[in-house]
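Some structures are shown below for you to check.
Two complexes come next, and they have one chain in common, chain A, joined by chain B in the first and chain C in the second.
So, the complex of A and B:
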């Protein structure tokens, strides 16, 4: 027993080394901008860069739009599948897994062919329309995660009883969805939302090929032209990802403390 | 409680039982299916059909035949090698890490820490990941510099280059290993303590326990998740693009260049390139889903 736990510690030690060294190295590198001493100059330069602010703001807006569209698409569907069409569950689950099967670059290639400016639905003809297309693309990318999160949330509550209780009290469908179902899967929706945010904020392929000024293409541009700023940006990106994952844990833990609506 | 019972008798029940309730129920999932058709099925279908058409829209197998030219085959081959090596190595290390954290013998804070970190690292892909490894193992990276300074060992004199095959594999492992940890953890949890105890009581060695009990139970998840990691690496582009520019000829970068500027000088050949990718990721993901359904039999 002693010897085997030593082996476990060694495995974990090597793992920690592999995962922490690049973070330490990146952080160290990001401090090297001023010759001969450590400074936060790289961060100052990055944060003051107008393009950083513009692209980060743009990607944040896109992420929020993606979350709103994704939630409005997924929650009613998953709810309806659970309540009325359980036979369709395998079909819907299969579709939500497709974005993992079809590479993102293939999807965006298809978008560019189908929604180009000479097509029936020219979604790349002006910037607003392309933003919309990009949002829908991101909803697609986030679909596997959002659907899984919401579906797990719905399975944990008694959808049928809640719906029937609301119906018998005279609630309309919008009321049931927005005042009964949504609040009950709040935690699941938030988990899906934070994960979506983490995926969208630095996404490169869709944004670059649809030619929109998002954070991902900006990162790539800086990486190709600067020395120390990329490291600072990598640390910032890591912090954002960490914050998203941390928030998922926080809302998950908070909900476990609270009393569930339906025991 | 009585309210719930009462509600089962009044209107909602009758509405559920209506024969024409079926068509009305379908309406509820129409937005989802419309979305799936518009942003998943049609775009993919367009490329798949286009792969079998010439410029005038006539059926042809020429595009598929043209895929077998050296530069394209080479791109597929490098992609497959990078994905396979990073998947297998990632699966092995990920499994050991997960097993070490879960199977006991270590402090109890290890497991939640590892799982949280894995959630972060598996999502920390793309362009920033490339920056991190350039700062670590690039020509002026910290580890490269420290090795020269203290061990007088220049990894670049051994032929190592971060902007090449081995460098890409090492970088990809940063999201492959955590993904393996996240997916394997439930499967390892499914190994019941009693199985180990029973086999020990019956005189089985550790090797025998693994050979005859643990591995036969785990292999569908192990093999399936390895396939998932393979597909995950195969479709990735941002990290490789930020790391190597377009100097490394992997298939996603070739397709990226094709979309941007028609480097193949043949639009339909681009569709065939995409079709090849869909086939490879589709097959490995399909096998993963099938194997996962097999492995779930042990997990309840």
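So, the complex of A and C:
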């Protein structure tokens, strides 16, 4: 028993070292900008850079747009699949997994081919349309996470009976969706939203090839030309991602405290 | 014209027909139960009335209006579900007022109606709580109030007490019946619990394999079952295999012992085997009446159940179970003891369909 417990701790230690050593090394390196002493100079430089603020702001806006479009697309779809078309669930699950299998570069070249400036739908001909295309691309990239989060949330409630109860009380479909279903999968939607945010903030391929001023290409640019600032940016990006994960946990825990136990 | 009319209703899922030629007329204010085992089609029929299932054929009319193809939210039918189906994100008051809010009723009207409904279900102080803060019985009362708040034309209850414990079930079914009587609302109640159906219904529809077996008052259903299924499903029944000796005089034998049936042998040939049934309460160990039947047998099992003692007596191939009151002054017979059981001639029910020898 004791030996087994020791083995677990050793495995955990090795795992922790595997993940933490590069992170600690990156953090340590990001503090070395000032010769001979540790400082946050690299962070000061990065945060003061107007391009950082512009690209981070742009990616944040796009992440929010992606979340809105993703939620409006995924929640009604997952709801309808669960309620009326459960046989289609494996098909939809397969489709939502495709963005994990097909590389982003293939997707974006597909977009460029279909929506280039000489196509029937020239979405790359102006910046706003390209932003829209980028948003749709991000919705696709985030689909595996958003769909699973929402689907799990829907499975946790009795969708059919709640829908029928609302219908028998005179509710229409939009009322059922926005007054009954959305509020009851709020935590799942938030989980999907935070994951989407984390994905969009660091995304490079779509933004670079569609030539948009996003945070991902900025990270790459700084990485290629500076020494200490890329490490500081990596730590900042990491902190943003972990903040999103933390928020998922906080929201989930707060909700569990107030969520009914099924009788 | 009846208030709720169901005509030749049929529902098929692919090749499987789950409800077949269902016909029923329910009067305004009547409380009708659909009773039957799992898979008999009772819930599907109810769901067709609610609009959650579309009939394959047939018609449903409520208050003279054909609602066969109408959407559930256009029928003004209240529904209470087995799983309560309260909206977890809303308080009790919001749940009860949901239907009125959807109908865009003024806030003051919603408030007063919610208070009225919460008073009706005797939970006036719980409006601010959430469903998860209530017990199962309380949640189901709230579900009932929510369904009634919109003043539906028909109240549908789909096994509303199945998820509750036995004591709450008994008190809540009485409460449901009292509220239904007070409001004079037409109600259909689906259950597989015969005691529940017998105790609260004006009429019962017994169903089996998608078909109506019998429609009648609880008294009729219990005392005069028309089919073997109804006889065996409603109440406890002793079914005995008998041989017809003389149909005209009602003479039959059970394990070669002669008895007499007062009715039910029309058209039956001598020598034919028939199933006959006896309710346990028709059987006693006391001396028979002058024109009564007796059967001699051996006590096979005696179960002491507190206020009653359940006794099973064997007569060769057949057995009869019945209950006697527990009397400390008169102990029950012991296993293996020879006894004579007695029952009246008119207590014998001759069931449809001949038996193989």
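Going forward, the second predicted complex is superposed on the first by the 260 of 263 C-alpha atoms of A that agree within 3 Å, B and C clash if a C-alpha of one lies under 4 Å from a C-alpha of the other, contacts with A are read in each partner's own complex, and residues count from 1 in each chain.
Here is the rule we use: contacts are C-beta pairs under 8 Å (C-beta built on N, C-alpha and C of every residue); 3 or more make two chains touch, one makes a residue touch a chain.
Just so we're clear, the structure is a prediction, and the values are computed from it rather than from any experiment.
In the superposition on chain A, A:183 makes contact with chain C only, while chain B stays out of contact range. Touch criterion not met for A:156: it reaches neither chain B nor chain C.
Comparing chain B with chain C, more residues of chain A are touched by B. Of the two partner chains placed around the shared chain by superposition, chain B is the only one that A:223 touches, whereas chain C remains out of contact.
When both complexes are overlaid on chain A, the residue A:198 reaches chain B alone and has no touch with chain C. By the touch criterion defined above, A:168 lies against chain B and chain C together after alignment on the C-alpha atoms of chain A.
In the superposition on chain A, contact of A:19 is made with chain B only, not with chain C.
Residue contacts after overlaying the shared chain place A:102 against chain B, while chain C stays out of touching range. By the touch criterion defined above, A:110 reaches chain B but does not reach chain C. Residues 161, 164-165, 167-168 of chain A are contacted both by chain B in one complex and by chain C in the other.
Residues of chain A that touch chain C in their complex: 157-158, 161-162, 164-172, 175, 180, 183-184, 186, 258-261, 263.
Across the interface of their complex, chain B is touched by residues 1, 4-5, 7-9, 11-12, 15, 18-19, 21-26, 28-30, 73-74, 76-77, 80-81, 84-85, 88, 92, 95, 97-114, 136-137, 139-140, 161, 163-165, 167-168, 195, 198-199, 202-205, 208-209, 216, 219-220, 223-224, 230-231, 233-234, 237-238, 241-242, 244-246, 248-249 of chain A. Put simply, chain C touches chain A in their complex at residues 50-52, 71-73, 75-79, 81, 83-89, 98-99, 102-103, 130-132, 135-136, 139, 143, 146-147, 150, 156, 163. Residues 3-4, 6-8, 10-13, 16, 21, 25-26, 28-29, 31-33, 35-36, 38-40, 42-47, 50, 93, 96-97, 99-101, 103-106, 110, 114, 116-117, 119-121, 123-124, 126-136, 141-143, 173-174, 177, 231, 234-235, 237-238, 241-242, 245, 252, 255-256, 259-260, 270, 274, 277-278, 281-282, 285-286, 289 of chain B are the ones that touch chain A when the two sit in their complex.
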